[in-house]
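The same chain A turns up in both complexes below, where it pairs with chain B and then with chain C.
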Partner chain A sequence: MSTAVNETSAGKEPLIVSFCCNWCSYAGGDLAGTSRMSYPANVKVIRVPCSGRINPMFILRAFQRGADGVLVAGCHPGDCHYSTGNYHGRRRLSAFKRLVEFAGFEPERFEVRWISSSEGDKFAEEMTAMTNKIKALGPNRKMRDARWQKIT
Partner chain B sequence: MAENNVENLKKIREAVSQDLLGGRIDLLLGWEKGHYWWQSRPLFARTEEDLEKLTWDSFCAINLSRYLLDELKDFQKVGVLVKGCDARAFNRLLQDNMVVRDRVTLYGLPCPGMLDYDRLAEVAEAAPEGIIEQNGKVTIKTADGEKSADRDDLLADKCRDCIYPDPVVYDQLLLSPVGKKEAPEKFTAIEKLEEMSAEERYSYWEKELSRCLRCYACRQACPFCSCRECFVEQQNPRWQGRAYQASENFMFHLVRAYHGAGRCIDCGECERACPVDIPLQELNRKLTKDINQLYGDYEAGLDAELEPPLLTYRPDDPAAFSEK
Partner chain C sequence: MPRTGVFLCHCGSNIAGTVNIDQTIEASRNFPGVVHVDEYRYLCSEMGQDIIKKAIEDNNLDRVVVGTCSPRMHENTFRKAAAEAGLNPYLLEVANIREHCSWVHKDMEEGTPKAIALLRAAAAKVALNEALEAPKLEVEKRALVIGGGIAGIQAALDIAEAGYPVDIVEREPSIGGRMAQLEKTFPTLDCSACILTPKMVEAAQHPNINLITYAEVEEVNGFVGQFDVKIKQKARYVDPVKCTGCGICWEKCPAKAPSEFEMGLAKRKSIYVPFAQAVPMVPVIDKETCLYFRKGRCQICEKECPPQAIDYEQQDEIIERRYGAIVVATGFDQMDPSIYGEYGYGQHPDILTGLEFERLFNASGPTGGKVVRLSDGKPPKKVVFIQCVGSRDKARGMNYCSKICCMFTAKQAILLKEKLPDAKSYVFYIDVRTAGKGYEEFQRRAAEEYDVAYLRGQVGKIFPEGDHLVVHGVDSLSGKVVDIKADMVVLSAASIARADAPELGRKIGINTDSYNFFNEAHPKLKPVETHTAGIFIAGACQTPKDIPDTVAQASAAAVKAVGLLSKEMLQGEACTAEVDEAECSGCLHCVAVCPYTAIDAKEIEERYGDGTLKRTVAEVNPALCQGCGSCSAICRSGSINQKGFSNEQILAEVDAICLQR
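Let's turn to the complex of A and B:
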């Protein structure tokens, strides 16, 4: 998987890693697909059990190995399959977002969105918006691990 | 502290030797003089002879509570001398279930703030050879003569911003309390960094972190870094690469700071332990500042009963991202 990530980012197209919660956002992505809505292929979805499962190291690792943007998508607050996972996630990711911005990342590089399983249209919209924002920003060089860069 | 230093030390030694020799504690964690006169290192006292080495002077900056993690494995009952920051560190460990309250005896030592050798040398403009303290003044002796300065100007960085010099938890208070100090502007440096552009901030951190030796002294000294297995040593997944490059430096420092989110007691041990002067407190305080702003004021280590902000939630919490 790491190689694939690297090759995409070495090209001109940005790479966006999206962590989607199994119960809402991943299903939202499925709905977008079955409804034939299109969203950019720059987004690579990684399914996680819950937005509360996100370890901040996932996000940093993504940046290290070639992501230009990271989007975490989870159930709307109050709708968590595990009742409280996204409430905890909201606090943790809020603190983490401020920290990565403090470390020098542009605020657009890391985002969190709530997308329910019935919001296929929102899923497609958010993925398009994120891709456009990252395209405008250009490739991410911060925290990039030089050993994972493709030599061209 | 200096003028009644001898008396204070006598009081401390009396109290702890009663307990140690009487068998109420098996080990006492205190300080003894190190290789240089401006160093006080941890003392692990088990006998009367050990206790003779005990010292209490202006260089006992090392936080002793952290040593409980190791010592409680070997000793049933441990006594610890605690300053303000050590006591808050103890609360931190207690909250993390890393120590057992009943097995620890805390001897409270209200702390006037510790001095820093580098500050002494800076003020004296020569290598200090000794100090004499009197009424809030410090006379620094050097080869060229003597120089006098206010004690407050010579404090170590970690003591300059301290507002709780008196222990917040103890079994016996051995000296008279110093009283709460005024709250300093501890977020000024952070606000300054926040005003910079993202690029400037990244270069700032890239430069600061480039000095990192990955000695993990900051982690070893820290009361919130109490995991038995740290992420940097995990083999699978191997989160922390061994290479010396910016990417790995950021990985370590961001995650280290993040693991203290809402838990950092602001004791400044990480920065004191750092051999290359990385401003680690700026990362810690940034998190404290944001969490206080978003989820209400919370001071870690003051009360072991209060739940840390990242272990709880409210349904109507605000978020730092545009999504509600």
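Let's turn to the complex of A and C:
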């Protein structure tokens, strides 16, 4: 395989992985695009059906692989396309955030936001804010698995 | 190893302007599994689609990645193209390099590496994609309307006229809803019964409409096209086939109870129809007050009934039926204004709500159509109307405007002047809101031609003094304190959701807003749809509304229902959850998080040593599963997994994106 290097961990641009639910936040991201609202290219979006689909394992994996921040975005409470998915997601992810903190990792690297399909501006703002925050925090050194970079 | 083809769209300069196509193509070549790459100016065009189809055939591709606009835009287009080339459509993934990349980043320096990362993730995911089949679902060509007010009646008539059978389930003994309680209707003052009764009769006689009155929905299972509904038909103790509606029974019945229809202002008999024009004209016996049911003797109705329709042995019945679509039209209630202690509602017979006052105008109402004080039977000289009792009140009531009160108050003030030319009306208001065709003109007429005094301001207190009720308020325009010695006070109590709306919502699987009104799927573009496919809402159960808006919404809901019923087959969700029975521990946490009751426990037998072992595992009904993935996220052992968004697929995307190069 190629000899990819994660630039972030090498001290350059941070990487933010954002899991967005298909119905609200991903569509909000589309609207940000259609409205040409720019935000940093550090953010890379993975589409999931619902914020309730997010298994904390996905987030841990992103940090292990060298992501510097993870942002989960879903429909506003009460607006879930599947009616209750985001409530389950909210409970699970807030417990997860405390666990991350308990384990000695910076909990600020992980955030959950509610962004509707009509909030293109909010999408761009949240992505920008997250990037700025992670830039201030510096690279993720605690959870990154250095071996992953070697393997690849 | 998969044989993946990657296709890149320029989208004119929309993508090519900020993403270096050549560099991206070269990078894509090196993704694991990629055997073919190509690019084109507009991939969504017919030419573009042909390029993909031809490449699939020529290169034996078994996976495709397109780097284009959002999958929410053209995923279907490209999946269809892939299917035309013989590939299962779910073996194609879209990398969103326009909305999520080229349009939001300023130059190629930013855009190109990100596009490559997104394409790499899509290629990593697609390598794990499996061929999927969307289940085909049959449509039961019958609709259910819950609630038989004007909304339910209109929706049912429209569906029936389009040629589909429809059942109306109405909780009360008669259809008609609140409109049946009204005297005249703004803004034209035509008599409510005169325009409503013909519609009620039309519904009852329509060959495609089946009325199920005095009944409630108990349970709804299933999904769009196939809702399995249990309806509880409460015992009427009257055989509707034999009954002729002659009325002898309720004439002779010796027991009385407060009439629900008259808001408790009058009595009805224990065997009764709620109002004179009830449809169906078949009475019910109220067991709670019936002498025979309470004390075992009386039976006068049974003795007097000419066709012998009384049947004390009748039992509640459960009707089970399948419907393709459901329209919810359960309407609204009035808030009980007694929480506003300063207005004294409930403590004085001459302080009424708008709906109670409305009944006084009606010839068959509690006063036989005479507008009089309930305390002493005298006609009032001064009537004070108080607006926004519970509406637009963040602190104690509802934040919203109930929308109908300004208009029905103007109507009642006009009607009052017509009945009692000596009477004078005063209206305390915050704002007068009369948007609507002919509405402003109507309210003006009340003020200008019917001598109604509008006072902008709030009422602080109402208290009895001698024969009168003193209304102590402030006219905020003049800044003066006003005390009006009124004979009657009418409170425009807020229109609120039915108390059982959240419970009904849970039963049928639709949600309510913070005020317990049913939620539409989109506040602008999907006003009658709900988040549950196949269930529509109409009328005042969605938010307070008047009759014109209610009827318009009901017809809209009917069109949506008919659109659905007219389909031969529906396509179900392909990305459903799947259980690995060997791994499943049977903890059933997945059952608890499934919003669609799509997961059930199942007993399986396994070989264990020499014998067999019985074990519980989860089982997904793919026809019910909507693909939210909640179950897959909660499963500890990873044994329930969502097709199309499996744990492995998402992790592969994470890995690929974190290779950031």
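Here is the rule we use: the second predicted complex is superposed on the first by the 138 of 152 C-alpha atoms of A that agree within 3 Å, B and C clash if a C-alpha of one lies under 4 Å from a C-alpha of the other, contacts with A are read in each partner's own complex, and residues count from 1 in each chain.
Everything below uses one rule, namely that contacts are C-beta pairs under 8 Å (C-beta built on N, C-alpha and C of every residue); 3 or more make two chains touch, one makes a residue touch a chain.
Keep in mind that what you see is a predicted model, and the values were worked out from it rather than measured.
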Quick check on the superposed pair: does A:G104 touch chain B, chain C, both, or neither? Answer first, second, both or neither. first
Taking the superposition on A as described, I'd like to know which of chain B and chain C A:W114 touches: first, second, both or neither. first
Among the partners chain B and chain C, which is in contact with a greater number of residues of chain A? C
Looking at A:A62 after the superposition, I want to know if it touches chain B, chain C, both of them or none. Which is it: first, second, both, neither? second
Would you check which partner chain A:Y39 touches, where first means chain B only, second means chain C only, and both and neither mean what they say? second
Using the touch definition from the top, say if A:G78 reaches chain B (first), chain C (second), both or neither. both
Going by the contact rule set out at the top, does A:R92 touch chain B (first), chain C (second), both, or neither? both
Find the residues of chain A that appear in the contact set with chain B and again in the contact set with chain C. 57, 61, 78, 84, 88, 92
Residue positions on chain A within touch of chain B in the complex are 56-57, 60-61, 64, 77-78, 84, 87-88, 90-107, 111-114, 142-147
Applying the document's contact rule, which stretches of chain A touch chain C when the two form their complex? 1-2, 4-8, 15, 17, 22, 26-27, 29-30, 32-34, 36-39, 41, 44-50, 52-55, 57-58, 61-62, 65-67, 78, 80-85, 88-89, 92, 124, 148, 152
Can you list the chain B residues touching chain A in their complex? 190, 193-194, 198-206, 231, 239, 241, 243, 245-248, 250-251, 254-255, 257-258, 261-262, 283, 286-287, 290-291, 294-295, 309-310, 313-315, 317-324
Can you check the complex and tell me which residues of chain C touch chain A? 30, 32, 70-73, 96, 98-101, 103-106, 110-111, 113-114, 117-118, 121, 509, 511, 513-514, 519, 531-532, 575, 593, 595-596, 626-630, 632-634, 642, 645, 647, 650-651, 653-655, 657-661
